[in-house]
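First chain written, first letter: the chains are A, B, C, D, E and F, and each begins at residue 1.
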Amino acid sequence: MFSITVRDHIMIAHSFQGDVFGPAQRLHGATFVVDATFRRTELDDDNIVVDMGLASTELRSVIGDLNYRNLDDHEEFKGTNTSTEFLAALIADRLAGRIHAGALGENARGIAQIAVTLHESHIAWASYERAV
Amino acid sequence: MFSITVRDHIMIAHSFQGDVFGPAQRLHGATFVVDATFRRTELDDDNIVVDMGLASTELRSVIGDLNYRNLDDHEEFKGTNTSTEFLAALIADRLAGRIHAGALGENARGIAQIAVTLHESHIAWASYERAV
Amino acid sequence: MFSITVRDHIMIAHSFQGDVFGPAQRLHGATFVVDATFRRTELDDDNIVVDMGLASTELRSVIGDLNYRNLDDHEEFKGTNTSTEFLAALIADRLAGRIHAGALGENARGIAQIAVTLHESHIAWASYERAV
Amino acid sequence: MFSITVRDHIMIAHSFQGDVFGPAQRLHGATFVVDATFRRTELDDDNIVVDMGLASTELRSVIGDLNYRNLDDHEEFKGTNTSTEFLAALIADRLAGRIHAGALGENARGIAQIAVTLHESHIAWASYERAV
Amino acid sequence: MFSITVRDHIMIAHSFQGDVFGPAQRLHGATFVVDATFRRTELDDDNIVVDMGLASTELRSVIGDLNYRNLDDHEEFKGTNTSTEFLAALIADRLAGRIHAGALGENARGIAQIAVTLHESHIAWASYERAV
Amino acid sequence: MFSITVRDHIMIAHSFQGDVFGPAQRLHGATFVVDATFRRTELDDDNIVVDMGLASTELRSVIGDLNYRNLDDHEEFKGTNTSTEFLAALIADRLAGRIHAGALGENARGIAQIAVTLHESHIAWASYERAV
């Protein structure tokens, strides 16, 4: 199995609902360093998984509406805890959609899996992986 | 598959038995930066894998008796090479035990896998993963 | 010149005022990984700059009221851009105050300089250094 | 499953063929930080996956003919895009060959999988994993 | 003293002249992760050293003609060893020129020092610092 | 001012004397990731501070007698707390001695300063810098 990973980041505000979150129930924020991994069993005709430049562009595109935002104000997230895990899945799902839409090129249709990791600090991170 | 990872560290002394270890047969030591990963297929009702704060607390708890110790003096490790791989498995097993005991909360019973990585330097690390 | 550095982090929300900040004028957030450095010309009687454990405890103490907060709501910061640079200086000043108050021990009075670095992402950080 | 990973690096020049590569079609270069991972289900008699020192020596050996080279001049790579993904697989295949040749010791024959990751920058990396 | 640092990278080919360089006399390459630091004694009216976004843009601009290039082909570098140290100084000098030209804004004229670090691998880097 | 830095590491056991050290009074250990920095005002005739390969070799040489050792058994350290700060200075002094002895080459006599940083974990490190 081959993979490539590209990294970007977002800076957001949000709050959580539920006693388990303790002080994180207050409005606070996070820098999420986002790693997006694309996996496939064979390389394409150019000997790559997918063009890293294009992968970076699409990653930036799918996280653009989150960056420099208070996620509590997003209509899409009403009543949802925008946990690190949840956001990893959201970004992975969006990237899968971009592959299906052909935004990563025809060759990218050979991508079998996506994994997204969000680092919220130097001591904590969360991931989500799924089939494409 | 979802996962969260939390990081801590221990500073220990130990020695190894066996020619393969060369100079590491002498009493020496290591800082092990410990990454504990918890995986499950679906998020719980709070939209998380397990509370990161609680995961950190339990990780610290299960490595507490190793920290600032000479592992050669541990009765539990007599005749055992406390290799990085071995310690990764030991910590993973202890964390699995804590989940079974309910220490990470009722929701944590949905955790399917644990992986533990011990970084012994900037150029070497070891991991162990297992079902819960 | 000797120094020791200890690392911790905070997760905050805030917004900026001024056209130069572009989208960061919106309410957003950041994880700041905080490195606090203490410098002195000679080691103390224990052969250290200051106890690292005590330094960590004091660092955690002086950043405690910022963590999991919206800095826009702090009375102390009204009308102030809580930039990464500004926060580095705030934390350094607070640490200097703790040294003067004796909180880091009598030996810590030999500390000559403090430097604080706040990493806001994997590609951007800010620092402030001052005499004690 | 157990694993150990060792890290080394190479500094190479190369160019790519294909419009998808944009400016990387020009002769340029890269530092590849190389992580080689060895996995097995049970530890050997010494309580390890494979000796880390020996793993490091073999990794250095199999990347030696690439280091400080222009890969475009390698007869072996004529007409081949020496992408990060391709090089990860090349190194993994060479390591598997070394295991089969007994270079990592008799115990190393228990190694089940190899994974190789090449970091080409702080924001991009590629991996390949295979059975031994 | 305050500072901010922004990070980018370039991927180049080059060779060195001189016995001291050993195998690096051959055409090879490097990824240089570039950290550009700007220092000043007081913050500007917006409470910053210089806008990080603008600093990133200017850093990218001054390294643009080096990226994806064989430095041996640059007319400017004929007969010059384009060592990591040399390139750090080149980039610092270019950034100082941009400040003097007003490209980082009027407020940036208060910047007193520039430091540039180029990481050539996980185990080696070089820096240059100068007054503005 | 120019500088280059090279990185290596040692794995040692030791204990401390003094109440301030708490549990670190017990025999324990550490991996120290060692960064050695060499600074000078002008580059030499090869356009470098000092050859990085030679600097790495000398760094490895001066830390060799510490690696895989219990420092409590070193005659040289009897009655001395081998703190991270102390070891940083020890290594810096040894490197200065090597420069004076000509081991880093005649050109290396232009080196003005040495700084050594020892990282004892991902959240704590210590440095020492001195004139050559």
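As a convention for this text, contacts are C-beta pairs under 8 Å (C-beta built on N, C-alpha and C of every residue); 3 or more make two chains touch, one makes a residue touch a chain.
Since the model is a prediction, treat every value here as computed from it, not as a measurement.
Simply put, of B-F and B-D, more C-beta pairs touch at B-F.
Rotating subunit E by 120 degrees superposes its CA atoms on those of subunit F, with the angle stated to the nearest 5.
Seen from the C-alpha centroid of subunit A, the farthest chain centroid is that of F. On a Cα centroid basis, the chain most remote from subunit D in this structure is C.
For the pair subunit C and subunit D, the distance between C-alpha centroids works out to 41 Å. Subunit E has its Cα centroid 30 Å from the Cα centroid of subunit D. Rounded to whole angstrom units, the spacing between the C-alpha centres of subunit A and subunit D is 27. Touching of two or more other chains is recorded for residues 7, 122-123 of subunit C. The part of subunit C that touches subunit F in the complex is made up of residues 1-8, 43, 46-49, 51-54, 56, 105. Subunit B makes touch with subunit F in their complex at residues 7, 9, 11-14, 23-24, 26-33, 67-70, 73, 120-123. Residues of subunit C that touch subunit E in their complex: 16, 18, 20-22, 80-86, 88-89, 122-130.
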